[in-house]
């Protein structure tokens, strides 16, 4: 095992990681992390309305188009390792087989931290089911008796993505990350999402406003970091520290 | 203003800072912080049962005894600056005058972080009223128009102490601090609390068990820091970071 | 009493009503409502940092400047009735006298609905104290024995403003209002806030993104109203209806 | 597709729609809606105690009796379209096949609004599983890639029924509906439930007391609608409006 | 001090104890308890609409009428000790003086258990302020240094009354009390409330439906106590027991 | 059916019942109850790290060792009836077959009360899935139509175990049980858990500190039971009583 730090992002559909964690991904890649992105599905049925409105569209064509968008976005973010589980969407098939595949990836990557969706999402049950699934797989990867001999997982944090309507999803950010330095990469990745152009400006607004929250929480009117773009995440587990700040 | 980092602990009664934050205080003093402790009261009426059972006890005698205990405990923790507001207890007088005094201290100290009690405490309304008061004073200290010309406060975190019955107080820790290196100091400070010997072992148990939580959250069965004593705190405000961990 | 519908907005500081309810105010004025805005304070101490950084600034000068801004903003929104209670800020004086004044206004206005701040705000206790105060005054205005002979208040809804960091304030919107038709007025009112230019873009972003939520909740990808700007509010009381929608 | 408005009620067991939404159903039928009721099961195992106490009872006999009661109740409410999925109860089989059937119904009906159970029910997991199932099916019905060519679903509200012990189910009503005009129909439907006569009076009391809440929230002592019977519902999604009320 | 068990009910207005705890009071009186009822106010301004609609009504006349009703109701329930603090209503004056009076009563009564209102009530802030006040006074009564020499209070449970709209008040019952044997007394007490006849049936319905909950939670369809009338309460503090049941 | 009282403990892994309910089990056995313990799994994969670190370890060897520990612990607690479902762990197989087995046990035992895990556990999804499963099986066991002719279940309380990190699991105790008299048995049972010696002291601390909570809630500084060891549980269902205490 090398000394490279790693992270793992579990995305229900192939575009989620871009809107919700593109900045965090690009930033950590820039810092020398290897970030692995797993897309459980392409969002081929539920998040490709624009494609389906075209004549002669088929499920396979949608998947190909969505995969290409996701690969381009990943490249824009500097990601070297993106994997597509292709388990279907609306709903996802998160049965025992998918679970085993996911645990294998977690064991292989040995992430310093993990990312996934919010705990509750009445608009999109794929999202909340993915979070439950991520917790389940994290637990299995920690088990000494699961594939004995493999290196077991430690206790990585699980960061929850900012969902589309935060308050409805009972999501509350506990950390803001300054992504100003990599905003150009996130913006480029966002623009790879040709099928969802109606969301580009939405997530630009989110990034600008989260930067306002970053400034306010890092000093407020008395100073603080002049972040221009930020992302927010909710942590599931408490942190362990040597010094308070 | 010097480069010394500072912190401010607001304690409803004179012993609270020992049980609930003694480790954090000693640790940060050892790291070069100047930690200021404000005891709003001596807990002279409500938390001095053992003294009141003695013959000829008076309110003043209780205050003197409690103050001495608190000063000894502060010394054991390495604290150089402990202040007693003496606003009465059960209930505290948290009116405009006390508020002004507190804001002055906050402005003077310019803490990197603040500490106080839990948001809710049906057993002890002094505790939850102190937290509300701390938030109110923090807000005033941030106001440019409050005593213009003084240095305004930035946006320090408010860490909430672990209360006596956490679940009843709706308190949930978001950070565990390893206090192993200063445990001897906290234990010495605890032993200064002659009037509450029945609580010594209780808070030793808490520190041991929070260390277990520290270990579990820093790596679990796969490793993690071998902390022997820890304290937990709940944060009110989100953090602002450059890198996730 | 005329047939004109009325509404009452209770704003802790003189700018709050603009950012948080400017669209609702302009829209209802345009629909023929008379909206009364009460500013409990000018935000003279806590929300006028830019003014205080000027040489020779005094409390009175700040108040005059802030009042002028608020009056201009109100005019831009079409408001005919804005009142300044001038009870100080950071903290507000919400004692019995202020309460009596507020109840008189509620009785006079007889609002169809009321608006105020979120229930919880650890950054700004003025905000949450104002909400508690609004509920208290609403209750008194309903009392047949309070100034007998006056017309008592019915049961108007209390809409809670969108706060600056919604998730930290435990605020969850239950209604989105399409303010596209009056956005120009809200934008003009926002621009009256010369002292807080750093927030202009923030609240434009909010309005755009809430419009996205409006669209999603009014039909989603299958249709829905093409709102361009919207505001969100949380209701305190359940509604009473003749038909579900 | 006609201009008739439609609604869809998803009932875990065959009697639930009567107690919990009978008034809403009758009222909307009277207003010209076509309300479709889907009973996932007959409640044959778990909610037919009285029948099972009879000699010679079998599962099929229970189903027949329960179906007849439900059909009679539906007729009393003016319902023209009631469907029985017969997927078993205690527990319900809510697997992929049931899901597909439900999505087909949703697509066919294209409801203006949907109704189902509370989010949490420790007494009856069939109820809360049905709600999760309803959200999942609603999401699939919105997917452009699910059975492409069919008309996709918009964004109908999901109203949650009043459960038997509201506070234990973490249910909070956000809307009260005046059902006075159709109370005779609901009462007739309730009386079709021969096997659960012990609940008749219970739900009559509920309707009377919810009417009290209707009156209080529509004006209180200062006026308000003189509703005699009402039903309460909790909404999952925020509303989108043109005017506040 | 005698061996008689005691209880203390703190009622914001003079009728609250009847609707919300009349059964518990009568039942415990019948079991040999001495129950003390403190009415902080007569509800003279806020809960006497019917009286205020009469010609020539004055505050004093309302108080006299309300006091008589409350005394009659208390007598019907078998109460020997009802006290009127007369601190005004809408809002209550719960300042230091009222606090001292209340603590004196608590110390005198030494209740086995206490009762008061719900923690939250947006319709009626007097109610929730009373609960906060009750917790504060309970804490002071426990302080050895408050009036040293008096017998200090133990740790009595605080039971929260069922409020008028439970779900809006965030109230959840943790205990149901069978009041069938004393229902005739509660009904008689209710009928003493001549000014609020519109609520008689409402609280009869509540008592019947809570009895249904009593039956369900004591055995359900498999048996259980055949209670006909019950009251529900929420406990604030955990219980300490020798055996689970 | 005899007159012996019974209880049923559902433990996800074979050691859970010892740490979390060992005192309650020993105490009720001592009081004449027959307590049945069902271990769904041996915790063979996820909770046997120490064993897996030994050379030549296999899944079967782990199961044998864990079973022996659990049987010894059960014997130390006086339990006569412990059953191992052996459905695998990390994750548990809680499908229809396991459900049927569990319902059979519930019907056979007819417990006065049941025990299981907390409602939420992000560290260990086996735990929270077990609780959901316990509620589901309890419901089925209450159904008259499930295996007609068998005695149906009444409405036993479900007590939730204290989890490892209470606050993270959203667990709040509503009852403390004095286990001083059987502490020696619990301690002996704990010492049977050779593979988890690192937790012995942790749960001793928990028992000591919960005894402090027992004392405080049973009288506080004014008296109270001098419990030395206690366990805490959260109840799911409200209680039904004849007298408040």
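General remarks:
Which chain is which? They are A, B, C, D, E and F, in the order written, and residues in each are numbered from 1.
The rule is simple: contacts are C-beta pairs under 8 Å (C-beta built on N, C-alpha and C of every residue); 3 or more make two chains touch, one makes a residue touch a chain.
Computed from a predicted model, the values in this text were never measured in an experiment.
Considering every other chain in turn, the ones in contact with both chain B and chain D prove to be A, C, E, F. Within the contact network of the assembly, the step distance from chain C to chain D comes to 1.
In this entry, E-F is the pair from A-F, E-F or A-C that repeats the interface of C-D, since more than half of their contact pairs coincide by residue number. Rounded to whole angstrom units, the spacing between the C-alpha centres of chain A and chain D is 37. For chain F, the set of residues that touch two or more other chains comprises 49, 123, 142, 144, 152, 168, 173, 213, 216, 221, 237-238. Touching pairs of chains, sorted by label, consist of A-B, A-C, A-D, A-F, B-C, B-E, B-F, C-D, C-E, D-E, D-F, E-F.
Only residues 99, 132, 135-136, 139-140, 142-146, 148, 152, 158, 236-238 of chain F touch chain D when the two sit together in their complex.
For chain B in complex with chain F, the residues that touch the partner chain are 49, 123, 164-168, 171-173, 198-199, 201-202, 205-206, 208-209, 212-213, 216, 221.
Across the interface of their complex, chain D is touched by residues 7, 24, 27-28, 31, 112-113, 142, 144, 151-155, 157, 159, 173-178, 213-214, 216-225, 227, 230, 232-233, 235, 237-245 of chain C. On the chain C side of its complex with chain B, the touching residues are 44-46, 48-49, 52-53, 57, 59, 62, 89-91, 122-126, 168.
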